[in-house]
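Below: a set of structures, written as structure tokens.
The following pair of complexes shares a single chain, chain A, combined with chain B in the former and chain C in the latter.
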Partner chain A sequence: MLYATGFFFNIGNEKLTKVMKYPPGDLAIWIFIMAELLVFGLFFASYAVTRIDNIELFEFYQQSLDRRAALWNTLALISSSYFVVQAVLAINRARQQQAFIFMLLALLMGLVFMAIKTQEFAHHIDQGITLSTNTFYMFYLSMAFFHYLHVALGLIVLAVLANNIRKGCYSQHDYNGLESGASYWHMVDLVWIILFPLVYVM
Partner chain B sequence: MSTKNQTTLTTLSYAVLIGLTVATYQIGETQAHSLDISLLVFAIAIFKGGMISEQFMQLRFVKGIWRWPILIWLILLSIVIYTAFTP
Partner chain C sequence: MKYTSQMVAKPYFIAAIGLFIGQILFGVIMGMQYVVGDFLFPEIPFNVARMVHTNLLIVWLLFGFMGAAYYMVPDEAETELHSPFLAKLMFWIFLVAGALTILGYLLVPYATLAEITMNDLLPTMGREFLEQPTITKIGIVIVALAFLYNIGMTILKGRKTVINLVLLIGLVGLAVFFLFSFYNPDNIVLDKMFWWFVVHLWVEGVWELILGSLLAYVLIKTTGVDREVIEKWLYVIIAMALITGLIGTGHHFFWIGTPGYWQWWGSIFSALEPIPFFMMTIFAFNMVNKRRRQHPNKPAVLWALGTAVMAFLGAGVWGFLHTLSFVNYYTHGTQITAAHGHMAFYGAYVMIVLAIISYAMPMLNGRKAANSQLSQIVEMWSFWLMTISMVFITLFLTGAGIVQVYLQRMSDAPLPFMVVQDKIELFYWLREGAGIIFLIGLIVYVASFFVGRDQPEVELPK
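Showing the complex of A and B:
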């Protein structure tokens, strides 16, 4: 099933369809991405394993979370990731202006995520909920805030990329830096895609 | 395949991701908690993760060892979650 997600759509433009030995962007960013995924993976595994002995507690407090806000957050991050892909494709076609607009849209969607999540955290603080409230909130707040910090870093990266596009730093044949930043942002999206159902729905 | 088709495919993937996200939310809203539903929801998430890896991260164009780490991460995560959620 997973292979099919790529295999089925295994077509693209001439440059991008060229089989590559290394993933897009700098190799260093991919090592960083793997390290980040390992950490988030441990978080998710710990959450799931701890839930085994606390099913009622987890299910009860899961209902107190704002699932609608999480939906909008997921839609915002997926949209942001999509706009980043479009920005990379635009640079690949030497359309600098279009790439700049797509990157601004990606930035805007990321800011929407931050605004909703900040409001959610503020609501929890108002309710007196902290890491020590119970085991569920300990995991939820840790994972959500750790991810939130990654989004904050990602927004800085997107802002730098947008500025670089505006200044014409990337060309049709040289946009390695853009691909590195894009890959990091997709990782942030990927982690949220797992976090959303695991913590808010399951 | 042309650049235009690449853009179309990305947009198609985006639409599928949005659709699956809304479906996940609707499943959560039914309040019908069961093991099967939980596993269905997580299977959807893993599929979405695969699409991010293959379509957005462009890993489908990579040949060799770098093609697999994220898909392996998703598979390992699935095994852990499945084991933890099944009695």
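Showing the complex of A and C:
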């Protein structure tokens, strides 16, 4: 039990071997993340402004979305991000095997998100909903699908990271690439954490 | 120069500069026709001058890209070009086809040209920028395929670098998207939509990859900065260029009959198109500041930095000015577009081709790395003459555009198009003046190849 707790929460007596630098990962990935956030930010702002003028329409069609699925998806992405953090910490403590397992768990939770979201999209397609159905669906489908593509890209990144961990590409002293990929995945998570309340709940 | 086959780049560069001169001459003629409507009429009607001006631009840039690829790819791949003979053969085919097409525009009425070239068998003529007869278009495809084969085989047998890979993706994209010029649906909405697949996805999509790759190459060569650092930037820049550029096509779909969501998609994604250009500017200056050595070829570095700045201003800032759909509602098809088009093409593509020509030509002429002091000074003069006059062309056209938008589309009593054209005549005269300075700059540029040839080249500082 103690071992399991230690495994999942990375509790240990060892100190972090490397002082975490800020920002973690490569500067280039941060420029990319900022640019990505700007795209989503513009979408979110446009959504919010348009909603003010069409509040009834937006509220009515928001009811048609599957909030429970979105909640599960939120949990899936947050836990996935958690596992990625643990994978990075494990590498920092030179626990390659543990890092690999955490990365697989992160991948798994990302796949859960994709599966649930695909179901949702399939449901909308069955109902004949398209980008031209109304302004609400235009925004919802655009933002959700654009985010979905980012999850797909993020999963490819995580798969590459997992494979690199397995091959021993990262060491306690050099895991810049891992941090870069992890930062990207957190961005994907962060966008969903804004998208979920904005589109499904509020 | 490490590989003798790089020499095939030279005729491509010379042809590019030759056609560039033609392009500017017709630009100056057309600029005059804006203010003196029957200038050189009926010999050179306005629509013909415009066709020659825009088509020559595309063709000479393509010559420039091909020359750049033939010079750069063997150097990057560390191997001789797969087939120098094929490269030379394609050069002549492309040059003759291009020259015949331009002569066709100038010597016979466009309808007759369509008839002679049997356009009715596979009609592709008549669309702006894609006016070439079908047979020329087929020629372009053949030349592009042979070129891609040659470059692709060279890359395959040699060292694989990110720079070569990005260039190859850009060139393949260029060839693939050109195929849409053969698709002419009857539905006029679809017709316009697929027309943009060539026009937009070239200049705001795949050409940006070519630009990024050539810029990275010139910077590696002239600054000595680590390849790893430059490649990392290149990845980020092209990723952003593709994300914003591909979906950003939507800013052309506002008023052609496509669904309403394009108003949002086009506005949001194209609003971010300046970002990769801004990154490119930061990237270029960063690399030059971090340089490990002084390069004796100063004009090459100047062109490289110039392209980063002017591409950001012309493509980025001037593009953003009128890319949001509620702004574009008033500005589309006005002189604002012309202002953007001029500075964007000059900054992003003319200057990068001149940068690589500037870098490569001394070596192609048998020098070690650089031209003589005199030649470099003359070339840098031409840089400033052309660049500053292009800034003024852009500013005058922007002024014309703002007045035009107001008088024709926004004021309480909108005026008809031709009445407004009369009222903005002063801007057109000023633009023509700046255009003539540009032509002088170009003459100075050409002169830089002929002066100081017998003088020793600038040496690397110890």
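The rule is short, and it goes like this: the second predicted complex is superposed on the first by the 180 of 202 C-alpha atoms of A that agree within 3 Å, B and C clash if a C-alpha of one lies under 4 Å from a C-alpha of the other, contacts with A are read in each partner's own complex, and residues count from 1 in each chain.
Definition applied: contacts are C-beta pairs under 8 Å (C-beta built on N, C-alpha and C of every residue); 3 or more make two chains touch, one makes a residue touch a chain.
What you are looking at is a predicted structure, and each value in this text was computed from that prediction instead of being measured.
Engineer: Can A:Arg93 be said to touch chain B (first), chain C (second), both, or neither?
Structural biologist: first
Engineer: Could you say whether A:Ala28 touches chain B, chain C, both of them, or neither, answering first, second, both or neither?
Structural biologist: second
Engineer: For A:Ser142, select first, second, both or neither according to whether it touches chain B, chain C, the two together, or no partner.
Structural biologist: It touches chain C, and chain B stays clear.
Engineer: After superposition on the shared chain, which partner residues are touched by A:Gly168: those of chain B (first), chain C (second), both, or neither?
Structural biologist: So A:Gly168 meets neither chain B nor chain C here.
Engineer: In the superposed arrangement, does chain B or chain C reach more residues of chain A?
Structural biologist: It is B that touches the greater number of chain A residues.
Engineer: Name the contact category of A:Gly128: first (chain B only), second (chain C only), both, or neither.
Structural biologist: neither
Engineer: Taking the two structures together, which residues of chain A meet both chain B and chain C?
Structural biologist: Shared contact residues on chain A: 38.
Engineer: Please output the residues of chain A touching chain B within their complex, sorted ascending.
Structural biologist: Touch residues, chain A against chain B: 1-3, 5-7, 9-14, 16-24, 30, 34, 37-38, 41, 44-45, 48-49, 51-52, 59, 67-68, 70-71, 74-75, 78-79, 81-82, 84-86, 89, 92-93, 183, 186-187, 189-190, 193-194, 196-198, 200-202.
Engineer: So in the complex, the part of chain A that touches chain C is made up of which residues?
Structural biologist: 26, 28-29, 31-32, 35, 38-39, 42-43, 46, 131-132, 138-139, 142
Engineer: Provide the residue numbers of chain C that touch chain A in the complex, in ascending order.
Structural biologist: These residues of chain C touch chain A: 232-233, 235-236, 239-240, 243-244, 259-261, 264-265, 268-269, 271-272, 275, 279.
Engineer: Considering only the defined contacts, which chain B positions touch chain A in the complex?
Structural biologist: Counting only chain B, the residues touching chain A are 1-3, 5-7, 9-14, 17-18, 21-22, 24-25, 27-29, 33, 38, 41-42, 44-64, 66, 69-71, 73-77, 80-81, 84-85.
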